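Below: one structure in structure tokens.
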Amino acid sequence: MPALSAFVLNCSLKTSDKEPSSTDRMLSDLLAALEKHDVTGEVVRAVDHDIKPGVLSDEGDGDEWPALRQKIVAADIFILGTPIWMGQPSSVAKRVLERLDAFLDETDSKGRMPATGKVALVAIVGNEDGAHHCHASCFQPLNDVGFTIPANGGVYWVGEAMGDVNYVDLPGTPPVVVEMIEMAASNAAHLAAQLKEKTYPGTS
Amino acid sequence: MPALSAFVLNCSLKTSDKEPSSTDRMLSDLLAALEKHDVTGEVVRAVDHDIKPGVLSDEGDGDEWPALRQKIVAADIFILGTPIWMGQPSSVAKRVLERLDAFLDETDSKGRMPATGKVALVAIVGNEDGAHHCHASCFQPLNDVGFTIPANGGVYWVGEAMGDVNYVDLPGTPPVVVEMIEMAASNAAHLAAQLKEKTYPGTS
Amino acid sequence: MPALSAFVLNCSLKTSDKEPSSTDRMLSDLLAALEKHDVTGEVVRAVDHDIKPGVLSDEGDGDEWPALRQKIVAADIFILGTPIWMGQPSSVAKRVLERLDAFLDETDSKGRMPATGKVALVAIVGNEDGAHHCHASCFQPLNDVGFTIPANGGVYWVGEAMGDVNYVDLPGTPPVVVEMIEMAASNAAHLAAQLKEKTYPGTS
Amino acid sequence: MPALSAFVLNCSLKTSDKEPSSTDRMLSDLLAALEKHDVTGEVVRAVDHDIKPGVLSDEGDGDEWPALRQKIVAADIFILGTPIWMGQPSSVAKRVLERLDAFLDETDSKGRMPATGKVALVAIVGNEDGAHHCHASCFQPLNDVGFTIPANGGVYWVGEAMGDVNYVDLPGTPPVVVEMIEMAASNAAHLAAQLKEKTYPGTS
């Protein structure tokens, strides 16, 4: 298997100099699981960067998206991690997805977008309720712009209804979450390797 | 490339002895596009069959789901086609997805579900508005139960807001829809072949 | 305040002769809370009835929707209760919403649909994750066909991620759920009374 | 009827010094329709203001949300307008909804949130597909934080699938959209007046 790379965007609302992020904990666990499959990667906190509103790959004038976009394009696996707010992905995750919209017009001569041949995973953490909808809300635009979603490509943890337990404060990762992360990592690595070896031919 | 098979469920609310279904037209176009990639398949109208409510693979007592489930499990590519009602997938599509829930508990010794290694496409047709949400609402449960979503795995057509033009009555397929169908078919065939040759290893 | 009536549809996948439904427990609690505001009502299990696929108010040929539709139209408050499957409302709930689509064309001379002036609540119960999305997925079509959604019109309970605790087996209703139910009942009764006294004037 | 006020947030990705916004055109039409019911109001472009990420009513340090929040709290009717990107509300709309999350903890002695007794409308404009989902995605959090959704509280326009016609460039407002706007305005004014005269009693 070829060596593979992952790029992970944590779409927490909090900058990385604040208290520990539950989303970060899950993303670290996911990256550790990927390392067993020879995938190495980096986690970046999106909100540490000034991602301008817009749907172009470069909105000029202090826009820090182009550097993040470059990391997405350079990696074999893209992982979008977001907390849940009001049952939905964060506004930061939404901004990231919106900026990926530009891929729709950046096709090559075979009609393939910059994400074609890359695999995406989605990691969701919340105090309560919303993970499945967040998966749906992220899978659809990621797939629209060319990412492939491997089997069981969504991982998550949420607490009981109206709860306030934070994932980052759990004494250990629940066994069902460990299994889910292992499977998503294994599937993503397998599929990314296959697509790296022989990508989609596109249409002519 | 190995010969591949597709199974297509049309989740129209109308039985097949009634007027032509717009969803059928798109599904026929998609199957024709797949044939160019040596994929052969069959379209079945779900509502022609008595699919009982429940979340087991066999709900007994006249349940016609087991025979449909068998066709899904036997094929390399599963295509779910649904009309849009009130901006959402049909209740028939929802019933089909609900019955697939049983896959969650039907894992092999490597933790793989019956859909693992299979590819899914989603085809949406409506008079107006709702296709992206239908993609999201179908991708998420399909992926949860093990299907892989190839790049650009959703195809669709909808008319203008509050319109009443039927896709089946369009004089020809709009060129953007033709391109979209060609790409989805090409991507699905490529990925299904790769996964058929070497499926996900699962976890141990 | 005028005496008010409520009609409640439980969209469980299980017929009422099977084991107790978690959804039923929450709906009973909600109806008990409404009784304190002089609202009396009835709970019906939708799946006990043969609701045909379609988008007309009467699909003929054994269709049992017309009788249920009549109960909805006769009540001041409509409560839709559904379990969560794969993070989404049940196929039975989806069927009910689909049949309400007919209201869009059944307007009076002021453009008002049969649900105009009526209030709707949505009650969601699941082992885990999905309640907020189910609220969204029900509020939108209910509002499209004319129902008014009172403040805090969604009630719910779900357990921890991938859990298997059933609401019906909880030793008591969690205090946060009790409060949520009290508020929804109070708000629904207040608003239904106001709209019963003086309904929307419509447009001309 | 009492004089009523509306506050409108346009959640376009473009600042107001750029080209005309399609969302603005619909919001102007909606405000004009409300004026016939003695509702006066103001449209503000959210992206002209620095709305910090977070879920508190004041995130300090240059946060311009508190002034917008004050306008929401002062008005009887809140209108959220957003363009569609990738079938979903804009990241700017998502940010606004996220900041309203703070209302959940800002209850009075009767358990009522700051939005209780206020009415919300949602206006959606896009080149294509996504309006119903945007309604759902906005209704749910708005209702969670206390807003009441009047009958037919969502207005929208979208073009044909994959189209690029802008609403702002249409020669005239389509008659179905005019009717939809008139109805939403009439319903919002009626309900806001009722709730202003006698708001929800809350629970004790």
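The letters A, B, C and D name the chains in turn, as written, and every chain counts its residues from 1.
Just so it is clear, a residue touches a chain if its C-beta (ideal position, glycine included) is under 8 Å from a C-beta of that chain, and two chains touch if they have at least 3 such contacts.
All values derive from a computational prediction rather than experimental measurement.
Asker: Between A-D and C-D, which chain pair shares more contacting C-beta pairs?
Answerer: Most C-beta pairs in contact, of the two: C-D.
Asker: Which one, A-D, B-D or A-C, has the same contacts as B-C for more than half of its contact pairs?
Answerer: Of the listed options, the interface copy of B-C is A-D.
Asker: Quick check for the class: compute each chain's Cα centroid; which one is farthest from the centroid of chain A?
Answerer: Result for max centroid distance from chain A is chain C.
Asker: With chain centres defined as C-alpha means, what is the inter-centre distance between chain B and chain D in Å?
Answerer: Measuring from centre to centre gives 36 Å for this pair.
Asker: Counting in whole Å, what is the centre-to-centre distance of chain C and chain D, each centre being its mean C-alpha position?
Answerer: Result: the chain centres lie 25 Å from each other.
Asker: Could you tell me the distance, in whole angstrom, between the mean C-alpha positions of chain A and chain D?
Answerer: Taking the average C-alpha coordinate of chain A and of chain D, the gap between them is 30 Å.
Asker: For chain D, write out the residues touching at least two other chains, lowest number first.
Answerer: In chain D, the residues touching two or more other chains are 86-88, 132-133, 135-137, 140, 144.
Asker: Over in the complex, which chain B residues touch chain C? Could you list them?
Answerer: Residues in contact with chain C: 13-14, 47, 53-55, 85-92, 94-95, 97-98, 101, 137, 140-141, 144.
Asker: Would you tell me which residues of chain C are touching chain A in their complex?
Answerer: 86-88, 128-133, 135-136, 156-163, 174, 176-177, 180
Asker: Touching residues of chain B toward chain A in the complex: what are they?
Answerer: Touch list, chain B to chain A: 111-113, 115-117, 132-133, 135-137, 139-140, 143-144, 146-154, 179, 182-183, 186-187, 190-191, 194-195, 198, 200-203.
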